[in-house]
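By written order: A, B and C. Residues from 1 in each chain.
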Amino acid sequence: MKRFLDLADFSREEIIDLLALARRLEQHPEPRALAGKILGLVFFNPSLRTLASFQVGMTKLGGSSFVITPGQGTWQLESRVGAIMNGAAAEHVREGLPVLASYADALGIRAFAEGKDLRHDLAETNFKAMASVVDKPLINLESAVNHPCQALADWKTLDDIGMPQRAKFVLSWANHPRVTPIAVPAATVHMAAQRGMEVVVLRPEGYALPPEIMDKARAAAAASGGSVRETQDRADALTGAHVLYAKEWGSTTHYGDSAGDAALRANLTDWCVREDWFGPAAPDCKFMHCLPVRRNVAVADEVLDGPRSIVLREAHNRLTAQMAVLHRLLA
Amino acid sequence: MKRFLDLADFSREEIIDLLALARRLEQHPEPRALAGKILGLVFFNPSLRTLASFQVGMTKLGGSSFVITPGQGTWQLESRVGAIMNGAAAEHVREGLPVLASYADALGIRAFAEGKDLRHDLAETNFKAMASVVDKPLINLESAVNHPCQALADWKTLDDIGMPQRAKFVLSWANHPRVTPIAVPAATVHMAAQRGMEVVVLRPEGYALPPEIMDKARAAAAASGGSVRETQDRADALTGAHVLYAKEWGSTTHYGDSAGDAALRANLTDWCVREDWFGPAAPDCKFMHCLPVRRNVAVADEVLDGPRSIVLREAHNRLTAQMAVLHRLLA
Amino acid sequence: MKRFLDLADFSREEIIDLLALARRLEQHPEPRALAGKILGLVFFNPSLRTLASFQVGMTKLGGSSFVITPGQGTWQLESRVGAIMNGAAAEHVREGLPVLASYADALGIRAFAEGKDLRHDLAETNFKAMASVVDKPLINLESAVNHPCQALADWKTLDDIGMPQRAKFVLSWANHPRVTPIAVPAATVHMAAQRGMEVVVLRPEGYALPPEIMDKARAAAAASGGSVRETQDRADALTGAHVLYAKEWGSTTHYGDSAGDAALRANLTDWCVREDWFGPAAPDCKFMHCLPVRRNVAVADEVLDGPRSIVLREAHNRLTAQMAVLHRLLA
């Protein structure tokens, strides 16, 4: 394995294998496996879990890491090819990233969507430009439309709790005070499809995931024996559901138009997940969320603090799943 | 020891024991004592000594650490229970802290007073809410009205220089351009009382420490054979003093009212500790301050650069004292 | 070696020796050489290469490091002696730096020029005040008019590519949207002179380096058998050149006057290094720059992406050269 950028780059069997390694490292720690290895972490956007868990993961495997935060301690970095750099950015990623890669054994990069042009973001234009100048193992710490580390951790979480392969997995849109990216929903729908689940995307009008994302998930489902469909009907989606995975994301019909998006979501305040959503679901239906979560806007306290919630287990699996990725890339 | 949140949680003998461990680790380093152990450090407020010394302490004991700074590299964290999170904070401490704790073997948290409501701050409402969701060993890196790591370092400093148990210890208010918390004076008066000293709190009108703080210190003095009193009379306080510990803090009669506080302190510019303050003191009276200190506002250069000052020793003992805490919590 | 503050503090032979150590550590890593040693890194200004490479260098030698960024996570630090500290800075370097030094085995400090008073900056008033209160090994991570780590890395880069001692080395001014310090050009002209090269400083009117800088370089050239001259004539400078080292810096005739400087440089947009600059140069003339670089303002894409550019090698040598410095200071 040279890069960990997208679960879709791996077969279902390869992912299962990677998760077996994660489990092996949980049971049989290898505190010297990455002795002398260095991971460079570059955060163009804020982070809590990713920032902490990658540092801890390297430490637990005997390696180490450093963190670079452009715009904070380090100047801003330009990523547009051919830019005339007379603005705020003092350095181009074409220098900055190869330099950091030359100090490290692997790099991780987080760079969210620009959120202006859906085509541009779906094409991962920015992340691909950065990846193209890095000649070391590379990890996607969340890009415009992907978050493979979260997806891998979520897959492991489903395995940990014994969730059957064919269980019904509902990815539901949830409200949020601002526009947020489609990286996690895109990665989640693909992960559940690739795992072979019965996937239903529940979202209000204006929040359909782009056809490219849905088609990619359907292709994964076709290969794994799962299925993917979408609906606006909450009762339909949740009937018999085994997992409700909530996530906030921006309107795809008003992409790059935050005022238009805000007008849409102003009428969607009931898209805050409450316990009564689970009425038609399977009795032990689990609740998942990648975090961070806006309490009582996206999800009610009663759900997050209740017995269905496995959000802390998901977050802990960021560490255990990523340690397998690091081991595979660097050991 | 599961938590290090307040010197008052420990008997005088337990503190003496902890300081003996600190001294043992100075003389006989244990560079592998915490091998594989990870400390998560969460700073809601700025830091220099705490930030550096905890990282160094873990390293010197063979462990490691990571730093999370909400609002800087990580989003802001909400701590109010039941909050409807449609503001600046993207995540609640009820998720954020358990997640970080799940990656670490212990957490340290710094969260200053809100400085609006004295009751709220005296109750440590905010810190207690955070502590309640952390199931790993926890260290108070300075809360609304406590700073046990500073107090422990100061106790060790007094021991290091052979200051007798019954010596006269004057905690004096000092001026500052802005309102600052009462965490350090509260911790200091308690520490000196618990050590068994003759404690005098010297402060102008409007700056009396709250009765809860004074009563807690008096209880500690009763157990240790020390005493605690307060005065506005500088000559009275300093006569025969063996230690002058200066600290800036906000008015308790104008708590949460920065304009009222500013009006009060505008007339208190002579509360900048100068060499002539030491006239009535014991000849070798020492000068202490927790740092950071505003030179020539709170304390004159002549004092900080003079032979009485042991502020650098105090700061160095942040490291040596905390290493004992880390060893006790994690070894 | 107790301090690494200026290449001029060392003889040519001592630098050659240090670079031999750098090469030895590249070929024969010493992953335990600095076991237990801790480097404190204090950044008053942003950094990418220095920030990452010193952390990595310590790790690769078995040691560790911590980072302090005044004004970000830590409060601002005052450095003026005798200051009445009623402004933004909460702590003076006279406390802050000795405290950090007491936790560490060595300190590195970055503090750029104030850019107001050329005399003040040339005298390194600020850096010297800080260095005077640090009693541990100290590394200059870039001061007002010096950047010895960059100079050492550049010297190594010239050696790595087999550049003859007597080759023609052109340091050329390049344009930039804002005023930038003279630290790198000052360090570079001295390095090339000390290495024994034929040094030509090419710069437009208003951008001559101060006589003190040029005289210091000439003294180094006299000792090494090299030479130093300056010109505004690009063809003259580049004829037969073996190295073109580009760097942006502020006007010395309009020092501290950003409007005057901006008016000057508005007419100097052709001082963006393009491939046609190399017409009169030696055929295999190399291109150097310390980075960060403003693409298509200071240097055109065609040069940075072309075969002459050795800027990434320079940046990588920050790590290899600094590891020798750390080894010499701490092993």
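General remarks:
Operating definition for what follows: a contact is a pair of C-beta atoms (placed from the backbone, for glycine too) under 8 Å apart; a residue touches a chain by one contact, two chains touch by 3 or more.
For clarity, every value in this text was computed on a predicted model and none was experimentally measured.
Taken as a graph of touching chains, this assembly is fully connected, with contact between every pair of chains.
Superposing the C-alpha atoms of chain A onto chain C requires a rotation of 120 degrees, rounded to the nearest 5.
In this structure chain A contacts its sequence twin chain B using mostly different residue numbers, the overlap staying below half. Centres computed as Cα averages put chain A at a distance of 40 Å from chain B. The multi-chain contact residues of chain A, meaning those touching 2 or more other chains, are 72. Considering their complex, residues 36, 38, 40, 64, 66, 68, 72-75, 78, 82-87, 90-92, 94-96, 98-100, 102-104 of chain A touch chain C. Looking at the complex, you find that chain B touches chain C at residues 31, 43, 46-49, 51-53, 55-56, 59-60, 67, 69, 72, 177, 291-297, 301, 304-305, 311-312, 315-316, 319.
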